[in-house]
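In the part that follows, the structures are each spelled out as structure tokens.
In the two complexes that follow, chain A is the common piece, with chain B as its partner first and chain C second.
The block that comes next holds the complex of A and B.
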């Protein structure tokens, strides 16, 4: 811990020196070009925006990203966002197995192709019922069985309702996998995806990145994106307006595709929303709207199902 | 042998003809001749456009840009001659029933709304006078205040006429929204009177924060360019107590949120178990000593 702190101090010192140097050189260049109205260092940097456009930005406009230290990150990650109570509503009638949510999630959380924080399942409830697609993230239960069994306090529930994992604490005993009735958790059996690329990157508890071999990972409602005021990756990535996400305290949820905001309780009431396995008393935070009036036929394969 | 190849060739040719015929999507005359019950108005076309963007654009692309998805067959552009070879009734039938890669919308879009999509498509029909969906927008200005005592929002709307002078905007709806984390939710709407004024009574069902405050956003219809008016921290609702997950005794809170009764009962059991073990050991030692005597 001590060594870590020292290295951080060194790093900050270096950053300070560099910024100072940049400031001096920038101010001198400003002085030397007093007659110029616009001040620009002239150095352009090509950047890729989130919408996929390539833009050229002046170097002077760039600011270093505000990344907290590991201990600070763990502290605020454990606390959560005060006054919020995140909920997700999944409209099964809209899902047509585009799997964009899964792709976005695996990219965000650096997951291997076989690891899923969110997985689109092919469901058929009984022999003669209609099959449907069901995206299944972590339910972020209000009475989570997983956090009760953790022997090292690595997985916990925060104020805003999100169940998180601290991979720095996790010992990989997998009790929580056994406890979770929704199979929401995955274990890093192998070296994580892009392990080489993200070597030495500071761990972010709100995104579980970089992933750690021998520890647990699971859906986090993209807690790091929520802190920035953005919707979770899966919600934003969906092309078929399946996901609604919002704050239960505000009684409002927003659709990730259409950006429409509606009343949460009305949405649940009007569409007969339900939660998974509520008989277990886990009080999930993910609500489902039944797969009725579907515009798209089921095209998956379920053994024994006659289409 | 040569005959056989010839037969196969001819059969293939015939089949390909049959196939190309079957690709023609013919709608029965009685269905195709149904008149559109939805009047061809700007409002309906706008609504149709909204529905088109939501449900159809992903395959058919933007109007006039010919950027449809490369499916087989290619979904025609809404401005194309292929699209407008259909009558309104035929378009309605095709949207309703679907075929092949074109999904059916009978179950997901209401009948009225399907007719409105037809309204929108007909907006691009060369025979129709195009309604000005993309008409230049009118500049407007909103002023407003919140009467917290009576829980009312008062709005004054003005528009800029041709000479650039702002005048009172009468008989126009203004929308009252509440700002939420990821967007705004419509509370209701009010129509301005001849003085450009509108008053809206905030219903009691609106949910605010712990102090009963909401951020009100006042907006207008799409054909106005207007800076949405944000009235922050309007105390117009009853205080809404946020749920606190850690209030009641819960088992899942570890370490820092440990429940005292849990700690006490755990310690009692642990200490009791050790005491029992020690008691047994002492008894055994005692018996041994007694035996020696």
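The block that comes next holds the complex of A and C.
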């Protein structure tokens, strides 16, 4: 069975490479490679799609084809990356509301402007304490209230700690939104952004793209990028070295801006790291370092109520 | 009740009862036609609204990422609540041998069936992907309260239909055999099928009584679960306003308030429209009034617990929620519901005058409307105040207001429930004839079997 699958994959790979060499690849995978919008080089190339159509594509958008089938994608997406235990550390003393994380995230996950997988909030804990910026992704709780209430197992906890969504299965009951105390989840109330553009593209569970009308979405720690050995989009996009990301099993986290790697437990211990609303017992995987010694003034405006 | 002695008198009384109670089935007038026309129109408009919603997405509603449950869920909770009266009247009162309940039990079952059916429909209309409804069965996770809810709603609907249907069989058999009442032929043919060849002998009655008793016992845990589980949809989350331990009994008590008032209104409608003054007597209204005041008192007790205790402590998130209810944007709705919809009815119904049919019906209408707004207050304000601030989204994400599509679909749900009740009332007697005869000491077997022996 295993050998079979391997040989099939090898075959697919060979086909992909060979065809890729002559510039032939499925139009769907070409489109899905547009996730990161790259600069058009101007050179066009003619391609034959799997359905036999001749199309013209910009050379810069070409990428080797390695899209697994939907069921294969869902299967490995549900399992996660064996041996890993992902954690994120957000250093609040560094965040100055650049919002590059939000932009990168919305591009990666094809979100509308009002949809946030990561949202930089302007916080003030008490009347006389200093306000600060707080990026808020999904906490990827180890005791997740959202996956507990899902009636169809469309949102689930993987073995590497990531809470993922299968929007091919989600029925849109929105119980998980009600259950999440961190308001981390968004819903596709309308046709998603670029719905026309990504029509027919194979669903990638680890990026939750293309988004689907009537289903849930939320931060996934860019599980597709992790599989490729990259840091999550938001972490890489930050210009202010706010984010650290890594594997708790290795006890190491890497800064997305400086690429410096440090010991996770020491970072948390030395800087009095904490988790959000730990009293709720959700056991978040996202840690915060307090907003101390801020080198710049808070320029935001506290809006919305606070609890 | 004095037993009527001579068989002749007995037959006379039975004939009168049968005649009076089959009038609604026979009657065909302009008003009925207009009523059904109205119902069908509203149902069509509502379904059209749903088609628009499916086409454009749930964004046509006022719901957004923070207030992600709105009026549909309030409707769902309301319908589940109203349906619970079927269990209280046709099971609990029967088992307690409270005989006046028999006259209203079919009314209560009509309401139960219509309400629980529409609870099921409205929840599907709230889904983002109704086309994936069957995923609940293919991929159902039993750890999710939604699966519990689906299970108990379906079970409750089944038992309610059976509790409506089984006591109907002797009536159907009797009407099937009577040709002089003017019942349309197709209805009698329907009765013939539905009466399952009922002969009315002792063995059959014994089986019927046994089956009814089993169902009445079965519906107690199911009835209690249906609304308790519905409350757990909220109580199982961490949100302030929902995260309380008394939500189960609080919902059940509130359900009886809504359901009892619905039964009183429907009794009054039947009494007026079908001229059933001698069947839904002042006595029945008086008793229903007492029942209503009793369940209202229980509900008041739970309300005091629900608001006074957290209000005393004012924990951060809870405090924001409570201030919003007590003196914020929802305060007028909140106080109207609590005072006009609960306290005032209790004070009034305690007096005998207000338990007379008309005053009691008016009060019940107020209570029922307040019960709907109460569900609205349970669902929406909590969601408007999550733990973390609502930022970087359009202004309307923060506050929920239902859109015209939501109102249309809500109207559809209510009209569809009324349509089910109307159809049941036009098809079957609204009071069990044989039970009424039995109460009056008439031996229905003898009377119906006699002619065949001769």
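Rule of thumb we're sticking to: the second predicted complex is superposed on the first by the 238 of 307 C-alpha atoms of A that agree within 3 Å, B and C clash if a C-alpha of one lies under 4 Å from a C-alpha of the other, contacts with A are read in each partner's own complex, and residues count from 1 in each chain.
Throughout what follows, contacts are C-beta pairs under 8 Å (C-beta built on N, C-alpha and C of every residue); 3 or more make two chains touch, one makes a residue touch a chain.
What you see is a predicted model, and the numbers here were worked out from it, not measured in a lab.
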Superposed partners chain B and chain C on chain A - clash or fit: clash
Touching partner for A:239 - first (chain B), second (chain C), both, neither: first
Touched partner set for A:274, first chain B, second chain C, both or neither: neither
Touching partner for A:83 - first (chain B), second (chain C), both, neither: first
Chain B versus chain C as contact partner of A:263, first or second or both or neither: first
Touched partner set for A:229, first chain B, second chain C, both or neither: first
Which of chain B and chain C A:161 touches, first, second, both or neither: first
Partner chain in contact with A:150 - chain B first, chain C second, else both or neither: both
First, second, both or neither for A:252, with chain B first and chain C second: first
Chain C versus chain B, contacts on chain A by residue: C
Chain B and chain C footprints on chain A, overlapping residues: 148, 150, 153
Complex contacts: residues of chain C adjacent to chain A: 56-59, 61, 63-66, 68-69, 126-129, 132-133, 135-136, 138-141, 143-147, 150, 233-234, 236-240, 316-317, 320, 383, 385-394, 397-398
Contact set on chain B toward chain A in their complex: 54, 58, 103-105, 107-108, 178, 180-185, 207, 209-210, 240, 242-246, 250-255
Footprint of chain B on chain A - complex, ascending: 83-85, 93, 142-144, 147-148, 150, 153, 156-157, 159, 161, 229, 231, 239, 241, 245-252, 254, 258-263, 293-296
Complex interface listing, chain A residues touching chain C: 102, 114-116, 119-123, 136, 145, 148-154, 169-175, 177-179, 181-183, 185-191, 213-216, 277, 280, 282, 303-307
